[in-house]
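Look at the two complexes coming up: chain A is in both, with chain B in one and chain C in the other.
For the complex of A and B:
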């Protein structure tokens, strides 16, 4: 329960911080950090325009996407507090729920019959497919390391002892940040602020969504960011009491947001054809982590 | 005994009846027969799952020995799966075949073959004698061939059928070799002699014997590289036959493999690794080829290979668990495999039936020519979507449950693994995740391009939904799928009955249920089912909220955003090929795609063309090269075939005389040698 509340809180300001960081770095005054939240609220109040080509799929897809992320959120623990959903193999459920949301996102994009949205759908399907092995292998490595197979137990038994385990933690954080960027379609995979439909991935998929639906999709994106931030922070805050863990949780979330802002300000988007190679390279980092775990456990 | 007599008499009377009645009644009789056979065979099967195995010893024949009939838990699981899919297939088929109502004789043959396939499939699961097994297997293969070539006036259908016929006989050769090898050594065809015989043999003999059976059954099941008949036979057959074939006929290969695992006592660890590697390759290769297909049914056929791979991964894990005496791994592996067998037979038949509906109305299996069907065939579309979600292994449907079991197995295996197995685990995880991701790519393409957007076909056809009776079996399958997905714990407990047979091989007196309850699996599944329901409720809640929020707002309808370009043009839509173009570029080394392209050549644009034909690289290497070398060798003997009758008669005479003379001479010569030796 605690983790859910914390993730919800973090999601309120997360995207705002990214935008603020970017505006500061580019020398603009920029909007306040709650601007994205205000945008969503305004969208919820608006009417909706549906494309004539679309069918029922287009109408239910945003709802399913949003719900899948809400349920996935429930699996995330906070430190020594279980998530609401916690069982052996809950991370499989987590990953497959996200995949379900994506499935509906993709088909709803195809549903509009637009060439742009088909393009975005095709890219999203491929990229998220390539990112998934990295996640499963990462969790697998830590499952091997701790001997447990649920989020809560993995984080709770993950005592970062020797130097090499810290290295593993850092590499894991890197992989998770990258997966979060891919899942949320941010730089360097996708540029959410691009002005040309041809170069978009996620943004082009939701070109035809408006009103309440667009609000759902945007807020799902904010939740997703905070969710990955929470997973990353779990690597570091398990053993400390609330007085420290909650502030450090927010600190990690804010740092994560600022890092994303910095990445987006200074890195250009990759060429589309290079994206898939880059994403697959993440899997090799995961394999490195796997080898690291083998080293620590003295299996070699 | 009574059951068997009723079973046989139903088959005989209905086969005779089908011949003499008029065309409409043929279908009804077939459905009734299939339902009757299902009921009769389900009684002992359900009894067996409740704990009373059905056992009868028939006298058999003098040559083949006694015929023991036994329905144990494994047979029962497969019989129930077969009955459900065949029954729904029959109800669907009666409605689907209405378009062919003029072909009276063809339909008679089709109905008889359908009844025969059903009865032989049930019998294969229950006989315990190798020779009867082969006999029934042959009848099953032949009647399945007849089912496939229903549209035998089309050359490509006939070609696909003959391809299937040849390959299924190669499979039978391997099986016969295996059975004869055992029976020579034991003078007995019964299955029980297998266990006795193999436990006395060295380990390597057992592994070789098992591999012989594995290849035989693997050809039927469609493991790569033995899969090449499958992508031809499935598109060629009528929709309900494709569904039944993919749903249960290829599963009988899985049954054979599992049965042999129970019978052959050997080194399970080695076998487990072999099966695991072959299955991983099958899974990944199957789905990679599925993605680039243009023909909807062919795409689904390649997906069967992928799913057979997933089932194989389960079996491989189970064997490794047996070999390394890891109880939980054994149970999870085999449970995953058996449950996925059931699940796949459900969603794959549903997919084929939905594809059949599309083909029946649009008469075009080419994905590139379809689109926008959801507005005209909403029920078929939603059923296809449901099955697509299930086949991708996404919650809250049944595919997720069996994949979850297999994943859990792999992650449990991490606990007590050596270095070699750790690497295998890493690659199994990678493989399984890739299969899942690629399946999503494939089915977003299949569903999105076929059913969504607007039609890519310029011909104006009136497209309507199919009749209720045709949709009814599909609803039944869909309900069953949702039940498994939302209440998995019950089915896991049920599948423990057959799995117990495997875990008893070397873990005696283990109560599977308590083991998996202790391992937290039941708890996990209950959580999954609870949160799946919450998930569905949440979706409904948000839909309600949206309705409330949109109450007083303007909901308008406009053309799709096209960068300011307003004219609707279906040609501008993304096509199936363009949807997977990045993928096919990435996977170029594995795929074999023929391209024909006409590009701009002059200043003024000429007509452009772009054609791709995906081909199977494994088929090219294993089948085509092999065939061409056989052809080369046989070309040396073409002088024998010269079309002159006199010559052929001469060959016959030469053959007969040599049959008589050669032994005579051999005898003489040996006597001659003996004479010299005695000197």
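For the complex of A and C:
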């Protein structure tokens, strides 16, 4: 319960901090931190326009996308508190809930009959397909390392102790942050600022959505960011006393948001043809993490 | 600590397989030289001091500094184009390098020998095959030489695994280094890259006896 409330709280300001960081770094006045929230509220008040070529899939897809993310939130623990849903192997449940939401997003984009949206859907499908083995190898390695298979137990039994485990921790943090960026369609993979349909990935898929549906998709994106921030912060806050863990959780979320803002301000997006090799490199690094875990456990 | 360095060494191979520019290749080879310096220092505890100093100097001076700088100088001097120009796309290179690493891990796991230091074996053999793969799929002669340098780094890692018992093998690895520098000097002296407009191996296929 605690983790759900904290993730919802963090999602309120997460995107705002990214946008604020970007505006400060580019020397603009910029909007306030709660501007994305106001945008979503404005969208929720509006009606929705549906194209005549779309079918029922297009109408239910945003709701399924949003609800899949909300259910995925329930599996995330907070430090020594379990998530609302917690069972052995819940990370597989988590990954495929995200995949379900993404699947409906993709077929609703194809459903509109727009060639741009089909292109964006194809790219999104490719990138998620390449990122999936990286996620499973990473969490699977941790499951092997700790001997437990749920998020709560993995985070609670994870203890780093020697040089090689620190290296594995650094590599895992890198892979996890990059997976978060891919899942949220952010900078090195996809540029949310782009104005050309040909170069968009995620943005082009939601071109036809309007009003309430668009609000749902945007708020699902904010929740997703806060969710990955919570997963990353779980690596640090398990052993900390309860009074300090909540402030440090928010500190980690804010630092994560600021880092994303800095990355988006200073790095150009990869060439579209280089994206797939970059994402596959994450899988290769995860294989090395798995190999390292085998070395640490002396099973190799 | 040795394991950490060796894992970073494998990551450098993955990075090399998706690198675009020749300068990046030279820099990664230099990084590998520094990593080998660290591994040598930590691993070779039992050989005599004079030999250890010789090996350490060789890794840091030749592998890490002199050869990469000379390669970058060559690229500039012979007007070699900056791109690596592989025959296969980088994405396939990455997949093949990953497959090489996985299969060496599997092979090492199936060998049942307590005398074998497995992580050295994995790193050495995957480096050897990755270097061979680079030689086979890159067009330019200078990238062939760099592939040879990578192979030779692999041989060096393999010799380090048994370096305490047989210091002679490490010295043999150093002789390979000298051979590689002869190859680089060959490119330098013959100014390949100046004579042909591009140093593609394609030009060699036009040779025939009348």
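Following the convention adopted for this analysis, the second predicted complex is superposed on the first by the 298 of 300 C-alpha atoms of A that agree within 3 Å, B and C clash if a C-alpha of one lies under 4 Å from a C-alpha of the other, contacts with A are read in each partner's own complex, and residues count from 1 in each chain.
Here is the rule we use: contacts are C-beta pairs under 8 Å (C-beta built on N, C-alpha and C of every residue); 3 or more make two chains touch, one makes a residue touch a chain.
These numbers were taken from a predicted model, which means no experiment stands behind them.
Considered on the superposed chain A, chain B and chain C are sterically compatible, since they fit side by side.
In the superposition on chain A, A:107 makes contact with chain B only, not with chain C. Judged by the touch definition given at the top, the superposed model places A:216 against chain B, while chain C stays out of reach.
Centred on chain A, the angle reaching out to chain B and chain C in the chain A superposition, using CA centres, is 80 degrees in steps of 10. With both structures placed on the common chain, the touch criterion links A:116 to chain B but leaves chain C unconnected.
Taking chain B and chain C in turn and counting the residues of chain A each one touches, the greater count comes from B.
In the overlay built on the shared chain, the residue A:26 is in contact with neither chain B nor chain C.
Of the two partner chains, chain B and chain C are each touched by A:276. In the superposition on chain A, A:128 contacts chain B only, with no contact to chain C. In the superposed model, A:287 makes contact with both chain B and chain C.
Using the contact criterion defined above for the overlaid structures, shared-chain residue A:241 touches neither chain B nor chain C, since it reaches no partner. Put simply, the nearest alpha carbons of chain B and chain C end up 5 Å apart when the two models share chain A. Put simply, chain A uses residues 276, 283, 287, 300 to touch chain B in one complex and chain C in the other.
Taken in their complex, chain B has these residues touching chain A: 371-372, 374-375, 378, 381, 385, 389, 392-395, 400, 404, 407-408, 411-412, 414-415, 419, 422, 425-426, 429-430, 433-434, 436-438, 440-441, 443-445, 447-449, 452-454, 519-521, 523-524, 527-528, 531, 534-535, 538-539, 542-543, 546, 549-550, 553-563, 568, 570, 572-574, 578-583, 585-586. Partner chain C is touched in their complex by these residues of chain A: 163-164, 167, 274, 276-278, 280-281, 283-285, 287-288, 291-292, 295, 300. Against chain B, in their complex, chain A makes its touches with residues 44-57, 60, 63-64, 66-68, 70-71, 74, 85-90, 92-93, 96-97, 99-100, 102-103, 106-107, 110-119, 121-123, 125-126, 128-130, 132-133, 136-137, 140, 143-144, 147, 149, 197, 207-208, 211-213, 216, 272-273, 276, 283, 287, 290, 294, 299-300.
The touching residues of chain C, when paired with chain A in their complex, are 1, 3-4, 7-8, 10-11, 14-15, 18, 89-91, 94-95, 97-98, 101-102, 105, 108-109, 118-119, 122.
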